[in-house]
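Next come two complexes, and both contain chain A; in the first it sits with chain B, in the second with chain C.
After this line comes the complex of A and B, so read on.
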């Protein structure tokens, strides 16, 4: 926005006008910055300070330097395991939700499909379901003794003994991946749906004239034009992936317990413990170690930063190659 | 000109208002505050605790002093508090803040670290109590000015309500003694009797219990189990063992090994089903005809058996488990040293443990609280429950159990121990290749990982 020029040789009133015109924009953005500093910057700095201390939240913090970082990276096996679990979930979730969302959006935009709006709504519904309900639903579906899936498999004669889906580390991980995909595919579909709606029909008509097949149109028109959305979703999925917490937590919680049975922290043998769950459990669970939890938060932050940057750089390089190839 | 000045004034006012309203939530409460201020303070507390649900705040009565209390059973406390006021004429009101049982410790932690006001009464469930009591923030209720008379309550409750210095910092609420509940129809069919004394005589040791379990397993074609969940076995056997698991920051595996040994024997012999205690399948098992025994404390008939076995009235019995009764669950109340209405809070929670309070609570909410004198009256100590037919379950819970019950004192590491138990029990339950040695090693390693301060 152009700033109106004021004569330099103006009167005192003119200088005051300059000052007031320069000050007011700052005054109006001040509330945002005050809130940002108070609720973003200050906690960030304070968290770093806490990470250098041994503190249970009740007694005075004791400065211990980098010992919390040393502990999580070299002594406590569960921090790196939680990062590993998170990466594993992301490695499966991200391609499935992006590809699944893209395919669903393409299918629902097919003019031959009737009731597309209904299908879109149905696909989006899991996203607006509360995590607790999803956790209870999946724990009922995959229960070892009375789960619907086990019953169905047994009745179909596919298994002779019920499968302990939620008690076997590898299967429990699979259920968490399934939960996430089921919940987020519809959400990704909405993004792609908006993108596809913006693609000119003329491009498809021209391709039809050239005799392009449906697959060719999808790979040569739809995907390239949705690239900015794909890039955005990949970056965001990496960030969201590292923040994964609710879904595995509720799956192994004791919501359905009538006897006050305790939750299974991290799932069977901590196979579903994610980075955020680790931070939560370390800080607010049985351990009450704010310092170690803060160090784990910074450790996780470093992983998020590295992976987001790596994804960003890879996409830039691929984009450049595409342009050069063209 | 005047118009421009007005504009400036309005703009300045807007900016100041926005900044003030944004920062309004940053302040901590202090001094005398209005009701509205208290409301916002509540909101801050709840948010700090990570509780996503709206706080349910209820103020009862119009007394001159308001006791603030956290808890997870507003309805019952409301009735008890009204009865308390009626009987004692206390000029107090209650500000009750609903806190989820599982989150009460986190709420305490975040409230303290955020520098917010603590309530006058903090509840604790036994699994978290040791960790909570290890904090040097509680009033010693057996010392002046309170001088609570310990002989008022059952003796076994004292180690469950004292910190490691031996100070009584909590007052118990309910009697937590527990026995072994069983389904009468299954007992008749497989044990040949449903008489609690005969069943108790039949199982003097866990070895006898195991042998019978193997017979029943064979007789029923592998369909009927002694217990539904391995957690039940852990609950009872660990509850019977008073040996501390951590003492002077040193891990003592003696009691853990004893419990694990039985758990693995029971699992390997197939006398325990593999249902997880936190699952719906476990709740449903109360109504089936496949599982005979369940641990049962004073609160279990009301809160667990009746809702899960609605058709089971009269089909339940209660007996003494092999090697005696044990303690399971139970709530207690603590008063923070910095609470604002300590005496009023103490008056209320100590009244709950008087003979009068105990009788009243039985009458208004069907709770069995801990005053010893009340249970000396055979009529009061008799407890009949529709689900247990004509059996006097009070005779077992309030008399027999008290004869030889032994409890492990609560300790700082209780929350960690519980987390490790959950993990190991689940692993042993799911994976039959985990033997006794492997289970013990897993328990030890987990303890050292989660509590690195333990000496090796």
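After this line comes the complex of A and C, so read on.
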């Protein structure tokens, strides 16, 4: 595999041509690698060195060894809390969007259904909306005083007093989960839709002949055949899950407040602080501790590695079981 | 036969409900942008008010169009650059076998797993030292190298552009860059369109990096403009919501016009198997 194929066809062209044919592949990949190394690899490595220092970005950095790591893991309770929050959000979001998307997609697979196209576009809109706007929209909907949801519940007589959705830790977390599900469910549906339309109708017809129920068809045909897509989406969700920042940050930015009150970092009692939010807040927000923020980035990185690896292994094992079972 | 009909009706009802849930927040937003702030605080209404023009005036007095201009510059140039980089790199991995190709492609895949935000602290230090703070460059150049774009282009080119076409072009004496730009690119136009749309949306929506690197209001992009509306209009909630609507509606329209390309593009990579 390692031997370039171009060498074999060398007899047809001149020596110079072969040379250029060996050089061009590298020329073509060069821009990607130059940009990636300059603006991603280099900062990633440099971040590690910053994490070993106490630095505010302006004065001279002071080498402090691993004390920033000690700080985030043993002294500052909010780093681990932010990781915990991030994982909690994922634990709810991922099953909901995947199962929900799958169910919606199989329900609407009927091609004769009127308006299905319009519906798909509508369900997809939240995904492409500016995340900042999603945060604002949800803060408008769930506002304590003037929120639409509070108004609706009050008018329907379900509540006597407005609920402080965004000021109560457990409710605030629920809103964040709701917001993420609202954003991603249409996206997942579209994926599964494309997958299901690729499954041959004959399989379902054969199952009908055997008298299989809708549920059996779903678990025995649809899910196994969509497994590559499910795996892809689980991995993507883990990647996105750790990157969660925009929507919760804006949700608690007190955008709707008429008094211009300062925003609530991390939500009530930091119950909605995500990993990236913690990094941002430590380095550029309420503190200017570059070193600590950098250490938090590496701490987060460690968790990402562990969880991606775990997900990968679990899916491999499930995959093997499946093959043996057949 | 009858049960089938009942089933269809149930499915239709669910469909309408889900569509409503997805669309209602947008509807409320548009309705609020046509109202007077005091009326919004009084409680919800489902019908548009008559205050839209006033709200629009307030918004444009605060130069919201400047954020728009910046966002368009960022999204268009970042998308163009990213398409160029991804096409070149994807083409190379799909069409050539060269030393180190496997390793380098594995590297590209690994980059997809590492969130760029992790290097944020050093990235900002880097931007400061090369003088890119308060410019749009950090939003244009670094996002051009995405592992996803390369992976996606490699997959598409590999399965849609026949290698034989390359051989015959070579026999005709075409050089490698010419093969890429005048033979391969026309063949992969749909892929370029889809990836371009996806990139456009990502770059338009970008928030974390601009939040840190843009500190002057004349460099704000739309998302940063939106969250800073608070300081611009303070008490005028209706004006803020109007600005929010203006900030997102064009993108929604763009999406509706191109929904097919967009959706097929997003699913193309994963559904292939």
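Annotations for the structure displayed:
Everything below uses one rule, namely that the second predicted complex is superposed on the first by the 292 of 326 C-alpha atoms of A that agree within 3 Å, B and C clash if a C-alpha of one lies under 4 Å from a C-alpha of the other, contacts with A are read in each partner's own complex, and residues count from 1 in each chain.
To be clear about the criterion, a residue touches a chain if its C-beta (ideal position, glycine included) is under 8 Å from a C-beta of that chain, and two chains touch if they have at least 3 such contacts.
Everything quoted here is computed from the prediction, not taken from an experiment.
Of the two partner chains placed by superposition, only chain B is touched by A:265; chain C is not. Once the two structures are overlaid, the count of chain A residues touched is higher for C than for its counterpart among chain B and chain C.
Of the two partner chains, both chain B and chain C are touched by A:28. Once the two complexes are laid over each other on the shared chain, residue contacts for A:77 go to chain B alone; chain C is not touched. Of the two partner chains, chain C is the only one touched by A:246; chain B is not.
In the superposed pair of complexes, A:164 makes contact with chain B only, with no contact to chain C.
When both complexes are overlaid on chain A, the residue A:144 reaches chain B alone and has no touch with chain C. In the superposition on chain A, contact of A:57 is made with both chain B and chain C.
In the superposition on chain A, A:44 contacts chain C only, with no contact to chain B.
By the touch criterion defined above, A:300 lies against chain C but remains apart from chain B after alignment on the C-alpha atoms of chain A.
Residues 20, 24, 28, 31, 35, 57, 140, 145-146, 253-254, 256-258, 260, 284, 290 of chain A are contacted both by chain B in one complex and by chain C in the other. On chain C, the positions that touch chain A within their shared complex are 8, 11-12, 14-16, 18-19, 21-23, 25-26, 28-29, 32, 40-41, 43-44, 84-86, 88-89, 91-93, 95-99, 101-102, 104, 108, 111-126, 128, 141-142, 144-145, 147, 150, 170-171, 175-177, 180, 201, 204-205, 207-208, 211-212, 222-223, 226-227, 229-231, 234-235, 237, 240-241, 244, 247-248, 251-252, 255-256, 259, 262-264, 266-267, 270-271, 273. Residues 1-6, 12-13, 20-22, 24-26, 28-29, 31-33, 35-36, 39-40, 42-47, 50, 57, 104, 107-108, 110, 113-116, 118-126, 128-133, 136-138, 140-141, 145-146, 148, 151-152, 182, 186-187, 190-191, 193-195, 198, 228-229, 232-233, 239, 242-243, 245-246, 250, 253-258, 260, 276, 279-280, 283-284, 290, 293-294, 297-298, 300-301, 304, 308 of chain A touch chain C in their complex. Those residues of chain A that touch chain B in the shared complex are 20, 24, 27-28, 30-31, 34-35, 38, 56-58, 71, 75-78, 139-140, 143-146, 164, 166-168, 253-254, 256-266, 268-270, 284-288, 290. Only residues 8, 11-12, 15, 18-19, 22-23, 26, 50, 101-102, 106, 109-110, 112-113, 125, 127, 131, 135, 137, 231, 273-284, 300, 303-304, 307-308, 329, 415-416, 418-419, 422-423, 426-427, 429-430, 449-452 of chain B touch chain A when the two sit together in their complex.
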